[in-house]
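The letters A, B, C and D name the chains in turn, as written, and every chain counts its residues from 1.
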Amino acid sequence: MSQRHILLMDGPDHKGLIYHVTRILFAHNQNIISNDEYVSPSRYFFMRTEFEGDTDIPELLKALQSELPAGLNLRINPKKNKDIVLMVTKEHHCLGELLIRYAFNELDATILAVISNYNTLQPLVSKFGIPFHFISHENKSREEHEEAILRTLDIYRPDYVVLAKYMRIITPQFVERFPNRIVNIHHSFLPAFIGANPYRQAYERGVKIIGATAHFVNNDLDEGPIIAQDVKEVDHKLTASDMATLGKDTEKAVLSKALKLVFNDRVFIHHNRTIIL
Amino acid sequence: MSQRHILLMDGPDHKGLIYHVTRILFAHNQNIISNDEYVSPSRYFFMRTEFEGDTDIPELLKALQSELPAGLNLRINPKKNKDIVLMVTKEHHCLGELLIRYAFNELDATILAVISNYNTLQPLVSKFGIPFHFISHENKSREEHEEAILRTLDIYRPDYVVLAKYMRIITPQFVERFPNRIVNIHHSFLPAFIGANPYRQAYERGVKIIGATAHFVNNDLDEGPIIAQDVKEVDHKLTASDMATLGKDTEKAVLSKALKLVFNDRVFIHHNRTIIL
Amino acid sequence: MSQRHILLMDGPDHKGLIYHVTRILFAHNQNIISNDEYVSPSRYFFMRTEFEGDTDIPELLKALQSELPAGLNLRINPKKNKDIVLMVTKEHHCLGELLIRYAFNELDATILAVISNYNTLQPLVSKFGIPFHFISHENKSREEHEEAILRTLDIYRPDYVVLAKYMRIITPQFVERFPNRIVNIHHSFLPAFIGANPYRQAYERGVKIIGATAHFVNNDLDEGPIIAQDVKEVDHKLTASDMATLGKDTEKAVLSKALKLVFNDRVFIHHNRTIIL
Amino acid sequence: MSQRHILLMDGPDHKGLIYHVTRILFAHNQNIISNDEYVSPSRYFFMRTEFEGDTDIPELLKALQSELPAGLNLRINPKKNKDIVLMVTKEHHCLGELLIRYAFNELDATILAVISNYNTLQPLVSKFGIPFHFISHENKSREEHEEAILRTLDIYRPDYVVLAKYMRIITPQFVERFPNRIVNIHHSFLPAFIGANPYRQAYERGVKIIGATAHFVNNDLDEGPIIAQDVKEVDHKLTASDMATLGKDTEKAVLSKALKLVFNDRVFIHHNRTIIL
């Protein structure tokens, strides 16, 4: 059976773009499995096409580049699992969810390693035979700590870094190393309750719904492009601590959903918003 | 059949409060239809008891006041429709919903009148035979405009004023006249996107869920106790205007739900949060 | 500005279909506004393309028919409001919702008339200046009653007939007159609780969620293709009658959502399922 | 600190029941932490009271029994983790969820053992140091197989048996041994799609929402009292297999939610419905 590939394309819209792409794929004897496009109100074009067939991929890419209008971003990825490294602190709920999915091959990714600033979760990770790197932040400056983490990441060279309840702020210098390749789960329905202790804030404001947000990380804390969100109803009977417990179920579900989209090359980023095809 | 009443009680918790209340109702030959209590983590007690039976209500209230610990707020309301006045601007969706419910006796309230700073919605209101007061804000100071509205409200003396998409800020002086008796529908999932144009803000932030919030109005704009919230999922394909259209369905559903709770005496206010029994 | 049109196409899949369609539209100087396709696992192809531009539509259709493989269903509709007739019995909630939306031009349809077997809702309909036909079923056989309704429908020749809580069974003969053009709202989460008194059934089964279903009507009662469904959480405290009250809000929301899809030519029917593009 | 207890009481309603219960608890120097009651439309009374204080529990129970009307079911449970045994077949999603929760002490139960008719999940279970009993059904009659399982259960004497995707029918004889003490997760939104292959059925019916149901097991397959349900939206793009994948997330969330209610003594059963206090 021939390998499946995914064509990802975005740029200013032109008349006939879909026509030309499908024509070129047709000419290269590729069969389109699925095809999704979106044009923004400001006429920016996005396209994700899954296809299969026997052809020389670099040649196909060259044909697309030479025959389509200039100014388009074009990538062709093989359809396969991504390599990832998880970063965690002490909470187990997101990590546990991802480990179980990974153990049964449902994650669309390979977990190369887990890095933590505490050793709390080492016993859980080692049950699954995955390397655990305990890199304490104690007695280190933020820069020294991040340097140590980056050295470990350099060993694994992951496609994505997933912050699965990593509770420390990361610096722009760190983010720069993985542009649009760090996914975080934030324990609130952003943009409400930015920052620390969102469940305490939610309790005090008396909201009737709480939520969680998975997003790419950029330089502004909690301000990166949102990938997925979900919510749960609450009432006055829940304490801030009850809300945190309930919120964890939302967090792990939202993170799983977002990662599935990212690992399947479905997420485009444009002007701090995500386009999901 | 004897009249139903609702006992509402809140104050610092004491051992045996439920016991004493049920004992006194029992002694006055009242049958408890439903009974809900809540004690907050800081030991503040809330109780709502619906009961029926033949008795002298002022005497029952006196018995409760004299036999229960001092410092409790105690009220007994007959179970009946509330009198309300609606205030609107130009949008019809919440108003239309309330008028239809009212026309078929499903609102648990009597709409005495509708007040608006535009005459846009007069044709709709007049279909239902309800007085419509067009009180333009043009060529008036905010104080003069509110004075004119208050004079109209003085005619009707409503139990509650419902801001069913009334798009002007109201002053603390106005709020003071109806403490905890003004309900507003806010077109966002508070506390996200406070203020004007929340759907534009939601679009630009790229959120995946939008919502609406019904709340009591106090002096801080958009900061009053939240009664009900609900949400809808959105994606990148929706423009800010699409989000507004979708949001309107959420707004009218949330406002209806909140009003049902308020008009049935189910909502207590405590430290800017609502306790709903 | 040139008229918008919608191309609807379905049939067995062929390699290059999207390519050929977009090529022909391109050649006829049409600008594609949006384009959605779906290929079923059994390789059946569906496509909805919204486009605009100055061209001779019958000629464009002819070009598509002659250049595309045989065996495809092809239609081009102008993008405009549909003509509809509503049929109701005694309940107002769906009717009220549709009338308010219609009054403010949000229905994507023109309500030509309302037909009912009771005169209960005449006062509501007449508020909106729409013809109301009271056609009682009393002292008539089912066939006579339907004949009388069909004679009225013949006057209006609607694109769609909407059963907005019409509580009588309609015969296959009636359905045959409007193939895939009758939309019904069913007061349960189909296929659970088919038939009469679903809220009573839901209460007795003790379900924790109730729902509503909008579907096309075919010869098997409650068995036509589902267009939209939604649900609400319930608990033991709700009586069957409370569930009915709550269910009505779901019914009207689901019907509105389904009609929007149908009236915008987004719904294909295939093997008793709907494909919504 | 004194032990917390939970009083559970149900039976025909009498005037003053709450009064008498709270009076007796007050007299025995117990502090009520929370108190929930419900009276059904047919005047059946349910009450769950959590309390704490130093007293002789058997004596308190005796006082309640002698001073309250005859015909009430009365139990007092200490507030503590339940002992459970899980039964599974091959699917890991519910089991994985429960193991992770258990490992971090969030399950409100102690998993004594896991029993399975396949050895597929042994590696996962052994990661958590819990006994795994592989009891194959091959070459055994249904009765012989169940006898072997019952002998194993006799060793552990669990409070509850949880069928966490155990895919075999169990006999009335088995159920009889654990009346109202077996919880099952069913992979559909009951009562829709009873029986095998519900996702295939859901696909073919073209539903727009799928769900899962946690329920007690009684003699009628899939007919026991429902504890919790939840749903997810689907569309035509999902195959039956996609629906199954998505459904698993719902199943594990619903089972977790139901177990939390059951293990905290919040679930009463009455006429095949659950009352959850």
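One rule holds in what follows: a contact is a pair of C-beta atoms (placed from the backbone, for glycine too) under 8 Å apart; a residue touches a chain by one contact, two chains touch by 3 or more.
The shown structure was predicted, so the numbers you read here are calculated from the model rather than taken from an experiment.
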{"item": "Interface sides of subunit B and subunit D: same vs different residues, half threshold", "value": "same"}
{"item": "Furthest chain, CA centroid comparison against subunit D", "value": "C"}
{"item": "Which of A-B and A-C has more C-beta contact pairs", "value": "A-B"}
{"item": "Between subunit B and subunit C, centroid-to-centroid distance (C-alpha), Å", "value": "36"}
{"item": "Cα-centroid distance, subunit A relative to subunit B, in whole angstrom", "value": "41"}
{"item": "Two or more partner chains touched - positions in subunit C", "value": "none"}
{"item": "For the subunit B and subunit C complex, residues of the former touching the latter", "value": "92-93, 96-97, 100, 103-104, 106, 124, 127-128, 245, 249, 253, 256"}
{"item": "Sites on subunit B touched by subunit A in the complex", "value": "38, 40-41, 189-193, 204-209, 211, 225-231, 235-237, 239, 272-276"}
{"item": "Interfacial residue positions of subunit A with respect to subunit C in the complex", "value": "15-16, 18-19, 22-23, 26, 31-32, 34-35, 37, 39"}
